[in-house]
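What follows is a single structure, and I will ask about it in a moment.
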Amino acid sequence: MTIWLPTLMTATPQDGYELAVKMARVAIRMTQPDAEVRDRLRPVYAENADALIASSQVVATHFATVAAANDYWRDNR
Amino acid sequence: MTIWLPTLMTATPQDGYELAVKMARVAIRMTQPDAEVRDRLRPVYAENADALIASSQVVATHFATVAAANDYWRDNR
Amino acid sequence: MTIWLPTLMTATPQDGYELAVKMARVAIRMTQPDAEVRDRLRPVYAENADALIASSQVVATHFATVAAANDYWRDNR
Amino acid sequence: MTIWLPTLMTATPQDGYELAVKMARVAIRMTQPDAEVRDRLRPVYAENADALIASSQVVATHFATVAAANDYWRDNR
Amino acid sequence: MTIWLPTLMTATPQDGYELAVKMARVAIRMTQPDAEVRDRLRPVYAENADALIASSQVVATHFATVAAANDYWRDNR
Amino acid sequence: MTIWLPTLMTATPQDGYELAVKMARVAIRMTQPDAEVRDRLRPVYAENADALIASSQVVATHFATVAAANDYWRDNR
């Protein structure tokens, strides 16, 4: 497998948020490795309010980890 | 993409709470980039008790991160 | 908007718990600003076991934050 | 209201777990203050696997807070 | 009640994981004390993908607490 | 039982993420020990958007623990 998560460190909170979104997607890919099935499922949850909110929860959980790793980007101040 | 999350630091807990609400919304926007679809879904969850509570859970998770980043606004005392 | 969250500090754990309940409610209010709709939804989740448990989960998440902010009220000992 | 949560400190992990169960129940009571309605709902979730697991999740979240408050009862060693 | 949770300390991460599984089960037992009902419900969630994943979430939450209590077993290195 | 979790320490964040995926799977195996039943359930959640997102949430929770255990791989910098 290629390296997709070399570090949790990011330059800004926004970059950290984008990393959290990526981390949420990778778990989906690992549980359902078939890209064709994932492509079929994507519109299902992208147009479903409950699934969108649940995805947003996963992102929030990963963002908490990334933010702690970066000491909340306090040095940016 | 424009800068929407330059920092996790806020002046007060209430500002931090509003930032958490914003962070919860952005994940939705990233998973469903089509504004028209989002506009169609919004009334679905805004009038659905389960979806409202689930959204509230995402906000709570982000608020925990923002609060830690601000050292719980202890210096405000 | 009026100030509803000036601080996370509370005198006792029980006050902190009540603050957590309030914080859970505000997210609902921000997602569904129409008081009439909220009044219509309230009996739905107040009489639904799943929704009650989900609300309880949001309170638990906020309480964790409030408790950390107050250093778990250790100074009360 | 009577004092039901004077402290998060408990003598043992097991007492802490029982406190977490109590804390999970209080949120339910605050959202649905009518004891009669709660009595009606209890068998619903006590005999429903999903609701039981969801309740267990709330307890787990509160226990995390209580355990941190007690520094994981490390002094008990 | 017998002592079932005397300590959060375990010798290894794997023992900690098993403790987390046990802690998840006890909450179920406390909410539904009737063993016969629980025996009836068990196959329901053991053969239901959603319930299995939800149980797995409770275990993950308890494991986080147990791992922190053991300082992540860093002294084992 | 064989040793499947000797340590939470991993060389890189990506290895930590893979460990989190493994930890999520073990809880399923402990709740449903029958491999045949699990094999029957796997396609159910691998092709179901909600179940995929819920699995992703469990992974996120375990990853938070593994990341903290590794001090967020800060020494890798």
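Order of writing sets the labels: A, B, C, D, E and F. Residues in every chain begin at 1.
The criterion applied here is as follows: a contact is a pair of C-beta atoms (placed from the backbone, for glycine too) under 8 Å apart; a residue touches a chain by one contact, two chains touch by 3 or more.
On a predicted model such as this, the values are computed, not experimentally measured, just so you know.
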Touching both subunit C and subunit F we find none
Subunit E and subunit F share contacts with none
For the copies subunit C and subunit D, give the interface type as same if over half of its residue numbers appear on both sides, and as different if under half do. different
Go ahead and align subunit A to its copy subunit F using Cα positions, then give the rotation in degrees, nearest 5. 60
How many angstrom between the C-alpha centroids of subunit B and subunit A? 15
Cα centroid separation between subunit B and subunit F, in whole Å? 27
Which positions in subunit A touch two or more other chains at once? 45, 48, 50, 54-55, 57, 61, 64, 68
Could you classify the connectivity of these chains, where an edge means two chains touch, as line, ring, star, complete or other? ring
Quick check on the complex: what are the subunit B residues that touch subunit C? 12-14, 17, 21, 45-50, 52-57, 59-61, 63-64, 67-68, 72-74, 76-77
Which bits of subunit E are touching subunit D when the two form their complex? 1, 3-9, 23-24, 26-28, 30-32, 37, 41, 44-45, 48, 50-51, 54-55, 57-58, 61-62, 64-65, 68-69
